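These are the structures, in structure tokens.
Note that subunit A is present in both complexes that follow, paired respectively with subunit B and with subunit C.
Coming up: the complex of A and B.
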């Protein structure tokens, strides 16, 4: 498949990039690694007239520890995150997630953490070629009024399959959005709209600049289920974070389930049920894992591969394994 | 204009469309953008008709007909055989296993997508550059198309460029090739059609899905008594070679292991799904999946080890199978030994870890499906000791050019780099039935060897005069001809060639040879020695099953093959590795997902081809049995690698966790569901 024609703009500085974005807004898309964007353009899912490339903006590529936070530039390649001692030690879930994204070539040459968070939702019925979609009525995400994944659904049921977003939400990350003359920082958990058509609460003149992960002596883990060892998006994934007290009791837990809904699902109630539990309380973990399954099952539709029944059953597995792993790291 | 051997497939459909991939209109333009605009101007109104997507339902009386003129959805093809007395043998059997298996659509996934360029000269002769495995038979198809267009007595030149894989997908001509001809004729300009990946997935043909009913029995000692198989094949809306795969399924059914009483009945059924084609193994993987899975079940019932039941019933050199196959060389026993050497199939095991074994038989010395199984070669030598060989054989990535060069170089005492292989241009190269049935090394190799032998004779005659020695005392080696035992008496071969050329009544050396193997067309009862020799093999695999997720991890793999002789060990290993990985995908992950006949995963993200990260280390021990008919003893190895993979995996999963999966691919969810069912069954007891 061929890439449609577009205009390529290569700003040299962040200010220039924000200027261009402000001028062109919806007409333009940001090009970082392109591993999600270019595939969508080839399929005719996106038709931007202009691409603003971040290629020259090395200032957006960094990983640093500052004031009790890890700060990551949005254009940082996945390979750098995987190679980072800091991430491996203090944000393990993110390390584990990035390691499983795409394939080594994608991680090394192209894929960026910002792009991974901002990858658009997917659905087997929507992510098809122009030709495939031309032979039927358009679905919600394609500008129509039909959902092929769930009969008579009045809105889009596309699924967020980002590995990185699920892990980062578990880590309680914030993101900084920059625009011409403005900047705002939002909790990643509030960044999502629950709208499958436009899953992010982001304006067209805004640019994702930085990811901020709080460091609070917690341990995290990420588990992903996919058919293959590379290329595949998760059919289910889970990111968890456990913070413990001196008595080896859980002080705070965060359970996030991915690839089951329009955004990664932060399960606040289930998470808080682990408060005060011992780190080796397998029964409590099992209960939380099953509750995670029940909470997320309602959001999922059959649209990313494996059967819905199987995906739901596996939520519990992924959550349980992630909890066990995080607890194990604390005990070390 | 109708394509395919059943002549039911017009390149451009009208009246009624029968599947999602039906071609209905074609446009040629000077740019893809203009072509797209032109396509958008075409308006077609469709009336919705009921579709039929399940072959067994399509056989029911009140099912809608895919083609009204055909009167029935069942193809009129005679896939039926019965040798011995299966009913009697079943009654006399001590143990019988009866099961149902199903297999899915998978597709070839050639890395190079399909395409063709057609052009006419001013006399309406056609030249077509096209991705094909069958230059000579494609030429015949295109001649028929020209005839249908009113162009009689014209010439067709087929040129095959370097292609990125075939695996059977290019064994028949496709609508796009005929459409490129129609367009080129209509606009009197060269017309190119190139598929993108989505089109490659949607508009080329798959391996045929099957529903398999099998019964096998043995006596108290484990000796096989009978095998009874029935199959329903989803033919799709049109007919290509997929509908003839039962002819090859017959091979393992009648001749994998010694079994006297065999019965087989296959029906190909029209549906509104995509139509099937040849694919590596040609029906053998489906049949072997059912045979080798039930063989394990039979062994368990009879209380015999899985290895023993295979040893007891193994094929042996000199066997004549019920179908009339003459087994010349046979290394199945040695292949089983090789698997056992790698890991104890019936040894002690760890929880969740299991081993599996499965064997195979395949044609290894041509396959007489067409009226001729031949291949021609023309060889000429120049004044510098170099050779040009014009072969009918088709290299599609498997390395035939290299093999041909090696065979000629070996025979003429030259180096591989002295041999230039010219192939796949029907204006220049002799006839060949095509690159299929693992026949190229054997048949095209024998053709090249035949031509080289003829030229060698002439070289020896000249050498005899020039070196004053008897022909039988002369040796060709290292670009030199010399007297055996007296190497000082020698002459460089190029010098000899010049002396032959530049003398009165001079002569340049050339020869032609057409090799048609001494195999037999199968008659009405499907009896006959289809291939001059047969290839054997055994695969062993160790897997780990995650009982929480149902995921199967392949830990270790050994693929032992009887290859006659390895002419090029590196290429041979490549064929085995590639075959095994293709087989692993077939067993575990690959499936064309359809919704009402429409392909829903036409891309490499959603079609789960094994990635480099999933591929495992494969040991490929080579068993050399030196076949007397093969070129330098070689047999075919193109297809065998993917034949016994799925049953080996299924058997290993059963060994690991005690559940058997009868439906390919063996996805984690199927394993998990079977584990659950097993658990609830045991708790009930």
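Coming up: the complex of A and C.
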């Protein structure tokens, strides 16, 4: 499959990149690893006139611990995150999520954490080639008026299938967006529009610069369900954070379910139901897992290649497994 | 769109080639440089048949822009053998019957070669993990995994293992 034509710009510094982005705005797209952008361009889903490449911007590739936070540059390759001792110990959910993204060959040069967060929403009706889509009416995301995933739907129901975003939301991460005008830091949980067509509350002249993970002294875990051990996007995934007291009771829990809705779903009520429970309270975990299933089932549509019943049932399983894992790491 | 002159370092040789911005490394390797070992199967980074090495690390060449492949050492499957002398890995593939139609083989070799450089005696689990990004429609993977795992230990693993050249 051929890429469509575009103009290639290779800024040397972040300032240059922000300048170009500010000049071209909607005409341009950012190229990091390209595993999402270039694929969509090959399928004819998107034809930007200009690509602004982050290849030379090594200043956006770092992992460091600072003032009680882990700070990760948006262009950091997934392989670096996986190899980081710091992430493995203190942000385990992110480590587990990144391990499962793509394949080893994608995690080196081509897959970046920023790119994983900013990957466009997916739907197996939309993510098809030009040729496939030419045989039928365009759907909402494709500029049309119909949804193939949910009958009679007046809006796009494409799914956020980002492993990284699910894990990071469970970790309570913030992100920094930079532009020529300035900078702003946003809680990842507030970054989503819940619109399938434009999922991110981000302007066209803004660039994702940094991911900031607070160090809670908590443990986290991530579980992904996919058909194969590599390459595949999650059918269902769950990220979980457990903060505990010295008495081995849960002080704070964060349960996030991914690949079910138009954004990762932070289940606040279910999470707070675990407060005060003991770390070995399997029954409480099971209850929370089932409640997660009920909460997220309403968002799911049949668009990622597994039946709705199965996916919903698996939410409970993924959440339960993630909770058990996080509790297990605490006991160590 | 104008063509740009780029310099690529491939299999130890430097070559200059004119490319469009939207040419992928895979297209340049196959169409401009006649290095047809790397294959295009899915074109979207899901199958691994386009795998080449950039600075020793396996990469999807179908999703790499040719003009972004400058300044790195590129190795393709053609660079594994030394003239007519096949590498141990390649010989192991032949000995173990790990090649049927052969289309996935270059990608498998490149992913396996990268693994073996870091871990010369991997167990089967590590082999499967390293090759998880490469798809094969013919073999069912068993022989491929055996071939890779046995490359470093050609004496005592199975009847197919030959005791070295």
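Note that in this section the second predicted complex is superposed on the first by the 332 of 332 C-alpha atoms of A that agree within 3 Å, B and C clash if a C-alpha of one lies under 4 Å from a C-alpha of the other, contacts with A are read in each partner's own complex, and residues count from 1 in each chain.
Here is the rule we go by: a contact is a pair of C-beta atoms (placed from the backbone, for glycine too) under 8 Å apart; a residue touches a chain by one contact, two chains touch by 3 or more.
Worth saying up front: this structure is predicted, and the values here are computed from it rather than measured.
Enquirer: Thinking of the overlay built on chain A, is A:314 touched by subunit B (first), by subunit C (second), by both, or by neither?
Expert: First partner only, subunit B.
Enquirer: When the two structures are overlaid on chain A, which partner does A:3 contact: first (subunit B), second (subunit C), both, or neither?
Expert: second
Enquirer: Which partner does A:230 contact after superposing on A: first (subunit B), second (subunit C), both, neither?
Expert: The answer is both, since A:230 touches subunit B and subunit C.
Enquirer: Once the shared chain is lined up, is A:23 touching subunit B (first), subunit C (second), both, or neither of them?
Expert: Touch status of A:23: no partner.
Enquirer: Can A:38 be said to touch subunit B (first), subunit C (second), both, or neither?
Expert: A:38 sits against subunit C, while subunit B stays out of touch.
Enquirer: Quick check for you: in the superposed arrangement, does A:132 touch first (subunit B), second (subunit C), both or neither?
Expert: After superposing on A, A:132 lies in contact with subunit B but is clear of subunit C.
Enquirer: Please work out whether A:306 is in contact with subunit B alone, subunit C alone, both, or neither, and reply first, second, both or neither.
Expert: In the superposed model, A:306 contacts subunit B only, not subunit C.
Enquirer: I'd like to know which partner A:193 touches here: subunit B for first, subunit C for second, both or neither.
Expert: So A:193 meets neither subunit B nor subunit C here.
Enquirer: If we overlay the two complexes on their shared chain A, which of subunit B and subunit C does A:124 touch? Say first, second, both or neither.
Expert: In the superposition, A:124 contacts subunit B only.
Enquirer: Would you mind listing the overlap between the subunit B footprint and the subunit C footprint on subunit A?
Expert: Correct list for subunit A: 1-2, 103-104, 228-231.
Enquirer: Residues of subunit C touching subunit A in their complex?
Expert: Answer in residue numbers: 1, 20-24, 27, 43-46, 48, 51, 54, 57-60, 63-65, 67-68, 111, 114, 128-130, 132-135.
Enquirer: Spell out the residues on subunit B that touch subunit A in their complex, using ranges where they run on.
Expert: The touching residues are 32, 196-199, 548-549, 551, 589, 598, 600-602, 604-606, 608, 610-614, 667-669, 672.
Enquirer: Would you tell me which residues of subunit A are touching subunit B in their complex?
Expert: It comes out as residues 1-2, 103-104, 124-125, 127-129, 131-132, 225, 227-233, 305-307, 309-310, 313-314, 317, 321.
Enquirer: Name, in rising order, each residue of subunit A that touches subunit C in their complex.
Expert: The contact residues of subunit A facing subunit C are 1-8, 31, 33-35, 38-39, 42-43, 51, 53, 55, 79, 102-106, 108-110, 228-231.
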